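Reading through the structure tokens given below for one structure.
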Amino acid sequence: MHRPMTTETFKLGYNDIHDDVVRSIVKTGPKYYIALATAGGVTLLCFFFPWSYQLYYGIGAAGMNHPGVWGTYLASFIFWIGLSHSGTLLSCVLHLTNSSWRKAMYRSAEAMTLFSLVVAATYVMVHVGRPWFIHWAVPYPNQMELWPNFRSPLLFDVMAIATYITGSTIFIYMGSIPDFAAVRDRTSGWRNTMYTLLSLGWRGTDKEWHRLHWAYTFLAVLIIPLAVSVHSIVSWDFAMSIVPSLHQTIFAPYFVVGAIYSGTAGIVTVMFVLRKTMGFEQYITKLHFDNLGKLLLVLSLIWTYINGVELFTAWYSGTSEEYEALGYKLFGYYAWLYWEMILFCAVAPMLMFSTRFRTSFVPMLILSIAINIGMYTERFLIVATSLSRQYLPDAWGTYVPSPVEISIMVGSFALFTTLFLIFVKIFPSVSMYEVKETMATPKMEPAAPAAGSPA
Amino acid sequence: MNISIVPALKVLRPAAMLVIVILVGLVLGYWANATFVPGNSPEQPIAFSHKIHAGDNEVPCLYCHTQARRSPSAGVPAVSKCVGCHLEVATEKPQIRLLMSYWENREPIPWIKVHDLPDFVHFTHKRHVLANIECQTCHGPVETMDRITVSSRAVNGSAQVGHPWKMGLCLSCHRENEVVNGIDCLTCHK
Amino acid sequence: MPNIDRREFLKLVGAGGVSVGAGFMLREANKDPREYLIPHVLAPEDFSSGLDTFYNSVCSMCPAGCGISVRTREGRAKKIEGNPAHPVSQGRLCTLGQAGLQALYNPDRLTAPMRRTGEGESASFEEITWEQGLKQVGDRLDLLRAARRGNRVAFLTQGVRGHLAQLFESFMRQLGSPRLLHYDFDHPHTLYAANQQFFGESRLPYYDLANTRLLLSFGADYLNNWISPVHHSLGFGESRQGRADVRGRFVQIEPRMSISGAAADEWIPAKPGTEGILALGLAHHIVAEGNYNGADLGAWTNALADYTPDAVAEQTGVPVNTITRLADSFVDTTPSLAIGGGAAGNHSNGVDTLVAVNALNYLVGNIGQEGGLVLNPEPAGPAVQQHRASYSAMVELAEAARQGEIDILIISGTNPVFTLPPAAEFAEALAQIPLVVSLSSFLDETTALADVILPSHTYLESWGDDFPEPGVGFSVGAVSQPVVSPLYNTRGTGDIILDLARRMGSSSVMPWQNMEEFLKYGWRRIYQRGDSQTLAQGFDAFWTSVLKAGAWGETTNGSTAFTLNPDVIAGIGVAPPEFSGSEEDYPFILHPYLSPNFHDGRGANLPWMQELPDPMTSVVYGSWVEVNPVTAEEMGLSEGDLVDIQSPHGQLRVPVFVYPAIMPNVIAIPIGQGHGEYGRYAKGRGVNPIEILSPLLEPITGNLASSATRVNLTPTGGRVKLVKTGGVSRDLGRDIVQHTSLGVEVSSAADNSIPITEVTT
Amino acid sequence: MTSNVIGLFHDPESALTAAGQLKGAGFESLEIMSPVPIHGVEEVLGKKKSVIKNFTFMGALIGGISGFALAAGTAIAWPHPVGGRPIITMPPFLIITYELTILFGILATVLGFFISSRLPAFRNRVYVPESAVDKFVVTAPCDDAEHFKRAEAILNDAGAEQVREIGESDL
Amino acid sequence: MSLFSRFMDGWRKYRKPGYYDEFDYHWTMTIDLDKCTGCEACVTACQAENNIPVVGEDEMAKGREMQWIRIERYWEGEYPNAKLSFIPMMCQHCDAAPCETVCPVGATYHNQDGLNAQIYNRCIGTRACAVYCPYEVRYFNYYDHEWDSPLEQQLNPDVTVRGKGVMEKCTFCIQRIRQAKDVAKDDDRRRVQDGEMQPACVQTCPTKALVFGDRKDHESQVYKSMNDPRNYRVLDELNTDSSVFYLKKVDA
């Protein structure tokens, strides 16, 4: 079961991991605070401040207009939901298939899922016109005797995302319990209190491990179809409309693949940053980048294929509606964005056919960022180009994002970063026990002194 | 060595108590305001008593609120209406003198609106009066009120929380009496 | 119970106290603001709260005189609708008429009398009382009158009819001044003159669009701004699809497609100013084909000899077969009707053009026919002389002012500073007049130059009446009554004039205290025309019923018999139009047209009108110049490119709109924008094409040939985004507006219809 | 007086051997604490049955039923006709059903995990902090000192690096 | 148990397509494109009747016009054969409306009169309905509109002034329908008669191109008009089953 890994990890002992991870939590340098302050500041300034302005003024602060009633808020929403799709989903798949290379990275990948979901959920609030009544979209008994409309794709969204956030939170938390327990023993003061509560009194007995294993497996089994459903449902927000170029059967798989694609690219980015900043060079290795690279390449090819199919069917239909929408996408106001997307998401990933490229950290970082820029563009184009070219030509228009929208978009990345920075100081960002599992178990060696273990 | 989460919970207890106290305090404060200063019984420019008029003297509601049977709004009587009686009745009371001063100055009385529906609600007195719905069903025991207050006889459990005039109030009555299209949103919302 | 120490306890108590306070304030802050009931001292008779009251009145937004019905609630006007009892509007109303509410509730209305203080640049207005204002004007008037120099008073008003016109007239008569001018930019002087020439009476006939089967319109934008658009629209709809088995056909001849052109079945671009020649071409063909057999055939043949189809085609740019085809169908289809006006009348040959159109009607016998051209009876209103001021009359007035012959100028409702070309130098002339009094409700360009402003009510606050011109084939009148109490410290125009008359000691001749009284006095005469039954009821009953119905009419028709004065025939002939500027320097002909939204600019201060997309281009809030696509391509212009338009008399900078239906050598700019004053919605928006018009005249009437200015077009390289609501105004094969042809419709009627189900799920 | 015997091992195999021997010697309620899940525990200490799958299944079932009931029930409570669709529109309601199936399944799984693994721990339990790092620990409750001695001997024989006693009073 | 039996009742009743066995009234409009001149009187009438705000030039430039009924224009051909057709476009009150299904809070639904209802105070502003509407006749309040005083005195008290974040659209003048029904009830009449009530646009249309009425009344003008052989529905291929019928423009 435990394939020996061809990387540096197995040279390390259990203790080294422990020390590294606990240090990453407890020892905080000024750089961290500067980063946190910057990210937090940018969040306040670029996300919450414009949003408050928008709440006061109305959605008009954004650039939405008559045909283009949806804008970057929805594009960002899909983007963040999409970004969430690799963490937990990938983690579940790899858990079930017992791929050991996941183990060093899955914690941060899951955190990415969680925080992108949080950002996405926040975007729902940013997007709607009257967020102070958003609770009406939640089923609860009330004096008006009114319930939400369960036939609406948007309500599928509410249900799916609520489930997904719950599931992802539980999944990352369950996997972290043993590590919380481990950190608990090494800390004191408020951290000790916090970890005592978080670890729930975990002791690592055979029974607890056994239960955790099964619970974790069931969760993984449940979350995989959930994750697929979530992005399918997000796609249905569009596909269930009859807008030309949105009303497509292929949208659900297209969105799911796109989501995993951008999420995987996101993992590469996060891995790179964690590796550099948290001193996890030994745990996050070329192997991870190599494997992620292969995955990305496959996803890129599938994405390109589906994209091509979409264009082809639209063109082949020959109807004015599809034809004009297609033409606008390819050669219209936002054509430059379209070709940028093709470059970043379909052409550039071809580089990953090269093993050397896949195992080079910085190029992979750049590529992963490029892919996500491309994928953001894709979502933007879906919203911006299709709504502008609908059935009645005299009602056509052009949607252009406003500074408020762009600022909130930038701010959402800062929000994500802030949340992530807080995360790395609370959660062990590398799963200790699973990395330990990947190592060679200690062999029976008589009278080996218990080096490094606390007295 | 042993482990449990109890010590950690003990550490958190003061903070938890603080949170509980604050929550309870907020609810209490809100409740206190709702109960003691409900704001649904403002002091009117003239201390007109529905108890005296509608209760003790049994003046019918529609005698003064004449419009209720033909208009969406029940209307408030003009000063002339009051004066019509009070030229003769109870002329010496201080409030009536106040009334007469409005009359003599030809000034309308700035009555404060107590029963106020939101802008998005369409309600017509006419239909309800013509359907023989008693005024008290929605307005409560007006004939016992010295100062007019928002209250209602039709009680729907959740609708009674806070302000009695909520959608649930209309709805329960419409459902109960099986009003034609009574639960169609457009019947009441404009 | 865990033990809590004193400090801890105090902390909890403190936090609890603060949060109780916070909870309290939270609800306090959420309370609704206090509202008041609508109190009264006496119960009002004419309204009850919560119920609508409708008042019938007359629309004054344009000269058509539609009857309106104003919905009021709690003393406020809520909506203007057409008065179904009024024969002109028949319950319908145009967009400008609907927007009359925004004239009433306009935030930029003048709220009190004002007087100019300071000179030149530092001039400003200070508020005065009515007594001060009226005294200042009245005293001067009295002095002049006493000195028998009343002719030094001029009265300039918009075109008014009915008793207000009579009031103005008798007021000026008391002063002994002939200088009473009714000035409107769009008044069809040439049409009146042509009718005078042809029919011998200076009145407009009734155009029976509803019953016609073929309408030839020579430049008249009858559905939009020409004479009585709502009534024409009613007729159009009736003719098109209101009758069983008959569908009226509409042909529009004009250089730039107007709304009527778009509605027409056929739009024929003819060179500007040659519409009359085309009409005579048709007439020539009719006569030549032997389709006219009148006694005066010979005279016609002589008169029309030069207008052979080939010659006409050469001059007008309309193909020969189109000319002959039109002429044939004009004869073959009965009843048919030809109308002319608008730009076709605003050329140097305007009167001749319109006479030619009348001749066309004469030749096929449309005159006096149902579905043709019905001559109106004498209007029932008070007899008033013609005071219609043409451009040359206005120039004369300006000249007189410059000569110092005018001491007082009273201006009411018209805005000549905006609607006269700068070549008339009217603003400069105003400066020479010692006392300019404006009775406007708004601070328009002319009022801004006034010395005293005595703001009048809007039409929804004042008394008045109207006798629509043209009638609808019979006499119609309507009383305009106030529908709301005045919003501001303003007075009705009639009331102001009556007050001034009293101040100059004319109360013996004009004894009425106010306009209402004067109206009743005047309507007593109309009452006396009534039948015995009406008379039996008494005047008060009559008056109440007229107010209630909002309209009064007599069903006696005008004379149908018409004989043409043979002298007219000999005089028929249309000279080629003259243009200002040479074709080399100024290759384009400027076609200014009345904006559907703003009329002659009076609607520009109404936010609804500003925001209403222009029907043809969907542009809002601005001006544009319409250029033929081919011309635009040749010049490298596209939508939004700023161009300089230069005429011999001025220059404008406007963005281009590429307009598919305009002749290549014609450019068009809508009139209405480009105000320098006139409130927040109008000021500083777009351009006013009148500013560059050359003062070329139609010689018979002195009418400004406003469509006869040549211009050139210079791209500036600048670019703006034209604010418009429309996207791509092409169907792209999507069958959004579906068409059918008459023949196909009958044969495949069954296939064409959608099965209608009772229950749709 | 009862106490717990604790034996710390460097490697899992030794710990398992020791556990097997303890079990053979009649000790019950043995626990092995380890930093990583170790394999072969079941062979030594007997098969474990997990009840979690029952929780998951029941949760999912309840979730599914309540999901559909929520969607259909609220639709029936106030029929809100939209788009000409039936009031009870199956396909969308099945999506709601699907999502709630998963949600309740997840929540029930967690609940099952908590119940079956007796977490969170509200009572003190034996714990050896080293077991979270790199030591494999075998514990067994002992009724008396003699009992403890016997266990200590077995553990030491199996190669324990350290043997400790955690008394009842320490818990 | 009553809850369960209520559920079972509903279960039996509500699985068939649609909800209404029969509409109470089936309000319908027909628009004769052969008569429409594009004069836009309907647009202003609607603005006046329904408290539609004036958004101003800047907002217009952003494409945020507010017109429950708008005139679309379609050019055909090139000079000198260019032709222009107008088509008034407003909420089509589709009986199978795409916009209704998508609202998560049920702020838009189909009522027993065949109206596509929009309940402003329930709207949370997802704007999904506007995306789903193929006719693009739903307009969103991007901010709180203001009326320069005293223009607010013109506001129709029977129609809400919509605040920011709310979607709005043509209602077939529901306030007038409501009032007509009220009058009908007073007169002991069961039903509103043909022509008794017209939306503002129909009432003002100078060419009488717009006709409105109850299509269940076979004597009504609108029933006759919608059965005219020239009738068609815009984007009928989308199966929206709209309640606005257009009569084809005649080429002659």
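As written, the chains take the letters A, B, C, D and E, and residue 1 is the first residue of each chain.
The rule is short, and it goes like this: a contact is a pair of C-beta atoms (placed from the backbone, for glycine too) under 8 Å apart; a residue touches a chain by one contact, two chains touch by 3 or more.
The structure presented is a predicted model; accordingly, all values stated were derived computationally and were not measured.
Undergrad: Quick one: how many steps at least from chain B to chain D, stepping chain to touching chain?
TA: 1
Undergrad: Kindly list the shared contact partners of chain B and chain C, in label order.
TA: Correct list: A, E.
Undergrad: Going chain by chain, each one touching the next, work out the least steps from chain D to chain E.
TA: The distance in steps between these two chains is 1.
Undergrad: As a test of understanding: of all chains, whose mean C-alpha position lies farthest from that of chain E?
TA: D
Undergrad: Which chain has the mean of its C-alpha atoms lying nearest to the mean of all protein C-alpha atoms shown?
TA: Taking the mean of C-alpha atoms per chain, the most central one is E.
Undergrad: Considering only mean CA positions as chain centres, point out the chain farthest from chain C.
TA: Farthest from chain C by mean C-alpha position: D.
Undergrad: Could you tell me which pair, A-C or A-D, is linked by more C-beta pairs in contact?
TA: A-D
Undergrad: Taking each chain's centre as the mean position of its Cα atoms, how many Å separate chain A from chain E?
TA: So the centroids are 42 Å from each other.
Undergrad: Suppose each chain is reduced to the average of its Cα coordinates; what separation in Å results between chain B and chain E?
TA: Once rounded, the distance between the two centres reads 35 Å.
Undergrad: Roughly how far is chain A from chain B, going centre to centre by Cα mean, in whole Å?
TA: Here chain A and chain B have centroids separated by 51 Å.
Undergrad: In angstrom, rounded to a whole number, how far apart do the mean CA points of chain C and chain E lie?
TA: Spacing between the chain centres: roughly 31 Å.
Undergrad: Among the residues of chain C, which are close enough to touch at least two other chains?
TA: 618, 725-726, 729-731, 736, 760-761
Undergrad: Multi-chain contacts in chain E: which residues touch at least two other chains?
TA: Each of 16-18, 20, 63, 65, 70, 72-74, 95-96, 98, 101, 103, 106, 109, 111, 122, 234-235, 241 in chain E touches at least two other chains.
Undergrad: Which chain B residues touch at least two other chains?
TA: 3-5, 124 - these are the residues of chain B that touch more than one other chain.
Undergrad: Please list each pair of chains that are touching.
TA: A-B, A-C, A-D, A-E, B-C, B-D, B-E, C-E, D-E
Undergrad: Once bound in the complex, which stretches of chain A touch chain D?
TA: Residue positions touching the partner: 1, 13-15, 18, 139, 145-153, 155-156, 159-160, 162-163, 166-167, 170, 174, 177-178, 181-182, 185, 200-215, 218-219, 222-223, 225-226, 229, 233, 432-434, 436-437, 441-446, 448, 450, 452-454.
Undergrad: Residues of chain E touching chain C in their complex?
TA: Listed in rising order, the residues are 16-18, 20-23, 26, 32-41, 43-45, 47-49, 54-57, 60-61, 63, 65, 67, 70-80, 82-87, 95-96, 114, 148-151, 153-157, 200, 203-209, 215-216, 226-236, 241, 245-252.
Undergrad: So in the complex, which bits of chain C are touching chain B?
TA: Within the complex, chain C contacts chain B at residues 2, 4, 8, 11-12, 15-28, 31-32, 34-43, 48-51.
Undergrad: Write out the stretch or stretches of chain E touching chain B in their complex.
TA: Going through chain E, the ones touching chain B are 24, 109, 111-112, 115, 117, 119-122, 158-161, 174-175, 178, 182, 185-186.
Undergrad: State the interface residues of chain A toward chain B in the complex, per the touch definition above.
TA: 141-145, 192-194, 196-197, 200-201, 203
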